[in-house]
Amino acid sequence: MVPLPLQSGGGGPTLLPETIANLLGLSGTVGQIVGGLLGAFLIANILLLQTAVAGPWAKRKITAAFTDRISVNRVGPFGLLTIVVDAVRLLSKELVIPDQVDRPAYDLGPLLIPFSALLGFAVIPMGNGIHLADPETGLAFAFAASSIASLGLVMMGYGSNNKYSLLGGLRAIAANLAYEIPLVITGASVVIFTGSLQMSEIVAAQAEPLLSVAGVTIPQWFAFVNPFAFALFVLANLAEVGRNPFDIPEAPTEIVAGYQTEYSSVYFVLIYLGEFVHIFFGGAIAATLFLGGPAGPILPGFVWFLAKIWAFYFFTQWMRSAIPRLRVDQFLDVGWKGMLVLSFANLVLTAIIVGVIA
Amino acid sequence: MVPPEYYLVLSAAIFCIGLFGILTRRNALLFLMSVELMLNAANINLVAFSYVWGNVTGQTFALFTMALAAAEVAIGLGIIMVLYRNFGGVDVTDATTMKW
Amino acid sequence: MVDAVALQSGALPDWTAVAPALILALTGLLLLVVDSIKPGESENSALLASVATAGSLFAFGVAGWFLIQGTGQARTGGAITLYGDALVVDGMSLFFTLIFTIVAAMVSIASLDYLADQEYQGEFYSLVVFAATGMTLMSMSNSLATAFVSLELASLPSYALVAFLKKNRGSVEAGLKYFLIGALSSAVFAFGISLVYAATGSLLLPEIAAAVGGASEMAGVLGIGVLMLLGGFAFKTASVPFHFWAPEAYEGAPAPVSAFLSSASKAAGFAIAFRVFVEAFPLGQLPAGVEWVVAFQILAVVTMTLGNFAAATQENVKRMLAYSSIGHAGYALIGLAALTANGPNGDVLGASMAHLMVYGFMNTGAFLFVALVEHWGVGKTFEDYNGLGARAPMASVAMSVFMFSLAGLPPFGGFFSKYALFYSAIESGFWWLAAVGAINSALSLFYYSRVVKALWIEDASPSLELGSKPVGLYTAVIFAAVGTLLLLPAFQPVIETAQTVATALF
Amino acid sequence: MSEWIAIGALAVVAVGIPLGMMAVSAILRPSVPEQGKSATYESGEIPTGSARVQFNIQYYMVALLFVVFDIETVLIFPWTVIYRSALSQGASLTEVLLPMLVFIGVLVVGLAWAWRNGAVEWVKSPLAKRRKTERQDA
Amino acid sequence: MIIEALIAATFVAALVVFVAPDEYAGRLAAALSLVPVLGSLWMWAQYDASGNALLGGSIAFETDFVWLALGGLDVHWFVGVDGISLPLVVLTTILTTLAIVSAWTPIDVRQSQFFGLMLFMEANLIGVFTALDFFVWFIFWEAVLVPMYFLIGVWGGARRKYAAIKFFVYTNIASLVMFIGFIALVFGLGDSVSSLRLPEIAMALRGGELGSFAGLNAETLKLVAFVAMFVGFAVKVPVAPLHTWLPDAHVEAPTPASVMLAGVLLKMGTYALLRFNFTMMPDVAKALVVPIAVIAVISVIYGAVLALAQQDLKRIVAYSSVSSMGYVILGLVAYTTYGVGGATFQMVAHGLISGLMFMAVGVIYNTTHTRMVGDMSGMADRMPVTAGIFVAGAFGYMGLPLMAGFAGEFFIFQGAFASTVHSAMPLFTAAAMFGIVIVAGYLLFAMQRTLFGPFRFDGDYEVTEAPVHDVAPLAVLLLLVIVLGVAPDLFFQMIQQAVNPILETGGGV
C-alpha cells in the first residue's frame, strides 16, 4: 500500500478535537470520537447563540435602523430577550400538519436545512484553534455541505402539497442552480492562488504580505488581490442564501412565503434557524476565502472571524433594506447571462495573469 | 487498513442493487437512478483501488465517470421528457408502438 | 509526393496525428456557432448540411492522406502515442476513421432532405458530427479511460439523435429503449473497467497487458471485468446479448440516424473492441478463466444466426435491416473469434475491418434508401415497396445493389469482404466458423431478395405517387451504391491496408 | 482520518439539535385537532386541483445546463489546485493553461449556443414575451 | 485486352441502354450488341492457340495480373479463351443480339430496363466463358443470375414471381454448394497453390497435391468436393432430379429470356462441369462413371417423356432441353475425343437450336397469345415462313443430318460407344438413343397438331405472318444451324485441340 500524496495528513495547526482530547487525556479513536463530539457541540452552540439569538435580533434592529423605525425593546436590555421569548412561543405552538402532505418529505425538509449549514462549519477555521476538521478537500466539502440545503428546500416545496410551496421550492432550486456555478467557479479562481482546497492552507496563503506601505503591512487577502472575484462571490453568495435582492424563493408578496408556507411551530423554527445559519455560513466561506479567515491585527483571531461574518451579515441586511427584489426572469438572467460569464472570465483572466506573472 | 476485498464486495453489492432496480422497476426515473448506482459502484472500485495501487489513475477516472454520468442523465431526462409528452407517463413499458 | 515518413520525422508535429478527430470536433463546434447566428431558421439547413458534410469529408481526406503516407504505421516508425499514451494513432485508427467520416458525410448530405421540415437542424448535424468525433476517438483509444469517455461521446449524441423526432412516438420510444439499454451497458462497461483496474492497477492497454500475466490471484475479478467489457462492446456493436435495442432503435429512429448507427457506430464498437482485447488481453499470456476468444466464438455464432433468422421473419424493411445488421455484427465478430495465440491474426482482424468498411457503404446506403422512401411517405413494409423500381429506377438499382451486396452476392463489394473474412477464418483453423457464416450468408439471401422482389417484380398499387426527387438523398444513395460497386475491383488496397494495419497490432 | 470523525460528530450534533428541539416542542405544544385548520393554504380560498402541478419546461432546460456546468467545475477544480505548482515546477503555459482554455472555450461555445437558442430564457411563452417587451418599451 | 474491351463495352452498352428512353431502347440495344458480336467473331478469326487452357496449353487473348492478394491465395484477374470457351463466347454474343431483336415485339413495358439487363447479362456471360481465375469466374457466374432473375420476375407470365424466386433460390443454393466444395478442395491443396487461377489448381489436382482438410483425407475430400460441385453445376444444366426449376422458369420467362436461358445459361452448367469436374478430377469422374451416366440417361429419357406429356409448346421445348443436356453429360463422361468434343459441340449446337425453337414459339405466341397445342392448328396456313423455320428447327433438334444437332449428337454417340471408361458405356449410349426416338415422336406430334392441318384458332386475334424483325432472327439462327451442320469443323477442330489434353493426361491422388 503506497500512500497517495493527496492523502497525507495535513501538518497544520492543532484542531479542536485534538485539543479537547489532549485536555481530557484521551487518545486514539476514543479520543477522536469524544473530542470530535465535544468540539462539534461547542461549535454548534457558538453558532446557535449567534444565529438563533443574536441574528434575528440584529436583523430587526438593523432593518429598523435603515427604515428609521423603533425595533424590539420591551423584553430584556435592548429587547434582546425577545428572541428567547419568540423561540419559546413558537416551540409551544401547535404543529399543524396540512392535509395530504407527503410526510417523509415534509418532515425531513426542515431538518436538512440547519443540518446542511451546520455541517459546513466543520471545516471553517475560526481562529484560536476553533477549527473542527481540516480535510484536504475542505473547500469542496464546504460547497457540498451547503448545497444539501437545496434538497431540503425542494422536499419542503414538494411535500407541502401547496402551490405556493411548490413554486417556492422550484424557485429555490432554480436560484441554486443559477448561482452555484458562479460561486464555485469564483471559488476556483481563489484556489489558483492557494494551490490547495484545504481551509488552513487557504488561510495561510492569505497571511503572506501583499505590500507594505509606511510600515503597515497589508496582508495578501484575496479580496485585495482580486476584488472583482470578491464582489462576484459576495453577490453569488447572496443569491445562494436567498437574501435580497435575490429572495425570490420566499418572495412574500408574490408567493406568500414560498416553501415555508405550510410550516408552523418547531418546523418553522428549524427553517428559520437554518436560514440564519446558512447566511452565516455564506459569510464564513467568504471570510475564509477572501478576508484572511480569522486573521487580523491585535485582537484574537476568533473575534476577527466573528467580526467578518457579522460584517457580511450586516451587508445582507443592508441589501435587504436597500434593494428591491428582482423579478424571477431577471434573477435568472443575471445568474445565467451575467454571473456565469463573468465568473468564467474571472477564472480565465486569473489563470492567465497568474500564469504570466509566474 | 480495510482490505481491498471489502471494497470489491461493497461495490459488487451496490452494483447488484442497481441491477436489481433496473430489472424490477418500470419507472424511467428509477431506472436512471439505478444506473447511477451502478456507475457509483464502479467509482468505489476505482477510488479504492487507486489507493491500493498508489496511483491517481482511478481517482481521475472516477471524476470522468461522474461527468459522463451527469451527461447521461441530461440526455436521459430529455428523453424521459419527450416520453412523458408522447405517452403521458414515465413508465418504460408504456411505450410499445413497435412490436418487441 | 510528400516524403513517406513526413509525419513522423518532424515535418508535422506528432499532435497533428489526431487531426481527423480535431477537424470533426471543430466542425461540430462550428455548426453550433452557425446555428447560434440565426437560431431556428430553416434557411440555414443547406449551410448546416454542407458544413457537416464538408467537415466530415475533410476529416476523411486527412485520414486517407495519413493512411497513404503511413502515419503511425510500421514503415514510418510505428504508432504515435499522445497525451500520456491515452490516445494512439496508428493505421487501424485511421482506417476506421475513414469509415466513420464517410458514413457521417453520407448521412449529413442525406439529412438535408430528410429533415427538410424539422426544427433543430443545427443540433442534428452537430450531434452527428460530435458522435463521429467520439467514434474517431474510440478508434484511437489506448486506455480504458479514453475508451469509456469516447464511447460515451459517441453514444450520448446517438441517444438524442434516435429520439430526434420528438413528436413521433416511434422515434421517442426507440430513443428511450436505446438510451435505457445504452445506459445499462455503459454502467456495466464502467464496472468492468473498474474491475480490470482493480486487478491490474492501470487503465492503459499496454500496461494492462503487462500486468495481466501476473494477476493470477485476481484472475476471477479480471475475468468478470473482461466479461463486462465485452458486454459494453456488445451493446455498441449490437451483438448478442445486448442487441435488443437495435431493432427498436433502428426502426423508430429517423432513417439517416439508423444508417449512421448501424454502420459507423457499429464499426466504432468493433474498433475499440479490437484494440482493447488485442492490446490489453493478449492471447497466450492470460491467466486461466479469462479466455475471451471462446466468448467471442459463442457470441459470433449466436449473433449471426439470431440476426439472420430474426431478419427472415420481419415484415418491416427497416426492422429487417436492423436484424440483418445484427447478423453482420456476427460476421465481423469473427475477427475476434478466430484469433489464436500465434495464428495469422492480422489477416483475420484485417478482413473483419475490411468487411466493416464495405458494410459502411452498403448498409448506410440501404438505410438511406429507406430514408428516401420515408421521405416520399411510402409505407414501411415490404409490400409498401412494391413497384418502386418502375417509379424510381435509379434509386431502386442502388437499393438492389445494396441488398445483393449485403447478401454477399459476387458482383458487389460485400462478396469479397465476406470471402476475405471466411477465408481468413479458415486460414486460422476455424473452418466451422466460416461454415456457419457461409450458411447464414446463404440464408440471408432470402430476405434481402424480398426487397428486390418488391421493388422490381411486384406491381405498384395504383395510388403510389412519389414526390420530388430529393437531391441530397439521391446523391448519398448513389454515392453509396457506387462505393459498394467500386469496392469490388478496388478491394485489394482496402484489404491490404486493413490487414497490414491489423497485423501491426499484434 | 480524524477529520472525518470530527465532521461525523458535527453531523450527529447537527441532527441532534433539531431533533432535540422537536422533542422539546413535542412536550410543550398542545394538540387541538380541528377541521379546517389543516386545510392547505391558498390565500383563504378553498384549494382547487392538485398542488403537484406541472411546471414550466424552462426549469428543465436550466437544470440540464446546470448538470453540464456543475460537472465541468468538478473537472476544473483539480486543475486549479495544481496550476500554480505545475507552473513553478517549470511547466510551460501551453502545457497547463492552453488545455483549460480550450476546455472552457468549448463550454463557452455551448453556452453561447444555449443562450441564442433561448435555453436560459426564463419567459418563453409568446404572450409573456410580448408583455415583457412592451414593458421594456414603455 | 480484347476480352476486357468486350466485357467493358457490353457493360457500358447496358448502362447506356438502361438510361435511354423506352421507345429507342430496343433498337439501341441491338445496335450496341453488334459490338460484342463483331469482337467475338474477330477473336474467332484471330484465334491461333491450341490445347486446353487449364492443362498448360496456350491461351488466347490472355490477361493475368494480381487483383487481390489475400493470405496464401491470390485472386488474379485472369481471362483468356481456348477451344472450349471461344465457341461459347461466339454463341453468347450472337444469340444475345438475336434475342434482343426478337424482343422488340413482345416487350412493351419498361423496355430500357429489359434491354439493359439483357446486355448486362451478356457481359457477365462473356465473363463466365473467358474467366480463368476461379474468383473472377465465380463473380461472373453469380452475376448472371441477377439479370435473369429480373427478366423472369418483371416481364414474365402469370406466375413469374414464383418462377423467378424458384430459379434464384435453386441456382444460388447450387452455387453455394459448389463454392464450398471447390474452396474445400483449394484449401486441401494447401501450399501447393498460391492463387485461385484455374490452370494452377487443375495442374495441382491432377498432380496429386491434394492433402487433407477439415478432418477429411485427400480421397474423401476429393470425392466430397466432386459431388458437391457436380450437384452445384447439375442444377444449372439441369440434370433430372434437379431440373424442376427449369420448366417453371421457361414457361414464365418472356421468350427472349427463355432463349438466353436455354441457349446460353444452361451451357454454363455443362461448361463448368467440363472445366471443373471433368478436367480437374478425371480420376473421380471415371470412378463415378456409372452414377453419372445413369443420371445422364435418366435425364435424356425422363426429359423426353415429360415433354411428350406437355400441351404447352414452350414446356415441350423446355423439357427437351433437359433431354438434350443429358446427351452432353453422357458425352462428357465418355472421356473420348468425340465424346467430350461432341459434348462441347453440342453445347453450341443446342444453344442455337433451342434458341431457334423458343424464338419460333415466341413468334407464334406473339400473334396468338397462346402456346397450348390444343388451342390452334394449321398455323402454317397463315404463317408459312415462321412455320417453315419452326419445322426446320425441329428437324435440327431431332438430329437430322446436315444440321448442327446431328453433328453434335453423332459425335457424342460415337464417342460414348467407343468409351473405355466403363464396360457398360455402350449400354448407356444405346439407352440414351431411345431419347432420339421419343424426341422425334413428340416434336412431330406437336408440329403436326399446331402447324398443319386445317386452320383453327380459338382466340380473338387475327393471325398473320409475323413482322420481318421477328422472323429475321429465326432465319439467321437456322442459317447458322445449317452452317454448323455442314461444316462442323468451324468449331470442332479447335474444340478437339482443347479437349485432347483432358484425355491424355491421367490423374490421380
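Every chain is named by a letter (A, B, C, D and E) in the order it is written, and numbering of its residues begins at 1.
In this text, a residue touches a chain if its C-beta (ideal position, glycine included) is under 8 Å from a C-beta of that chain, and two chains touch if they have at least 3 such contacts.
Please read these numbers as outputs of a predicted model, since none were measured by experiment.
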> Along touching chains only, what is the step distance from chain C to chain E?
Replying inline: 1
>> Suppose every chain is reduced to the average of its Cα atoms; which one is closest to the average of all protein Cα atoms?
In response: C
> Using C-alpha centroids, which chain lies at the maximum separation from chain B?
Replying inline: E
> For the chain pairs B-C and C-D, which is connected through the larger number of C-beta pairs in contact?
Replying inline: B-C
> Which chain maximises the distance between its CA centroid and that of chain C?
Replying inline: A
> Just curious, how far off is chain D from chain C if you go by their C-alpha centres, in Å?
Replying inline: 39
>> What's the distance between the Cα centroids of chain A and chain C, rounded to whole Å?
In response: 52
> So what's the Cα centroid distance for chain B and chain C, whole Å?
Replying inline: 26
>> Measuring centre to centre with CA averages, how many angstrom lie between chain A and chain E?
In response: 94
> By residue number and range, which residues of chain B touch two or more other chains?
Replying inline: 52-53, 60, 64, 71, 78
> Residues of chain A touching 2+ other chains?
Replying inline: none
> Where on chain B is chain C touching in the complex?
Replying inline: 4, 8, 11, 15, 18, 22, 28, 31-32, 35, 38-39, 41-46, 48-49, 52-53, 55, 57-58, 60-61, 64-65, 68, 71-72, 75-76, 78-80, 82-83, 85-87, 92, 95-98, 100
>> For a test of understanding, state which residues of chain C touch chain E in their complex under the given definition.
In response: 344, 347, 389-390, 393, 397, 400, 404, 409-411, 415-416, 419-420, 423-424, 426-427, 431, 435, 438, 442, 445-446, 449, 452-453, 456-458, 488-489, 491-492, 495-496
> Which part of chain C faces chain D closely enough to touch in the complex?
Replying inline: 29, 32-33, 35-37, 39-40, 122
> What does chain D use to touch chain B in their complex?
Replying inline: 57, 60, 63-64, 67-68, 70-72, 74-75, 78
> If you look only at chain D, which of its residues touch chain A in the complex?
Replying inline: 1-15, 17-19, 21-22, 24-26, 28-32, 37-43, 51-53, 55, 59, 62-63, 65-66, 69-70, 73, 76-77, 80-85, 87-88, 93, 96-97, 100-101, 104, 107-108, 111, 115, 120-123, 132
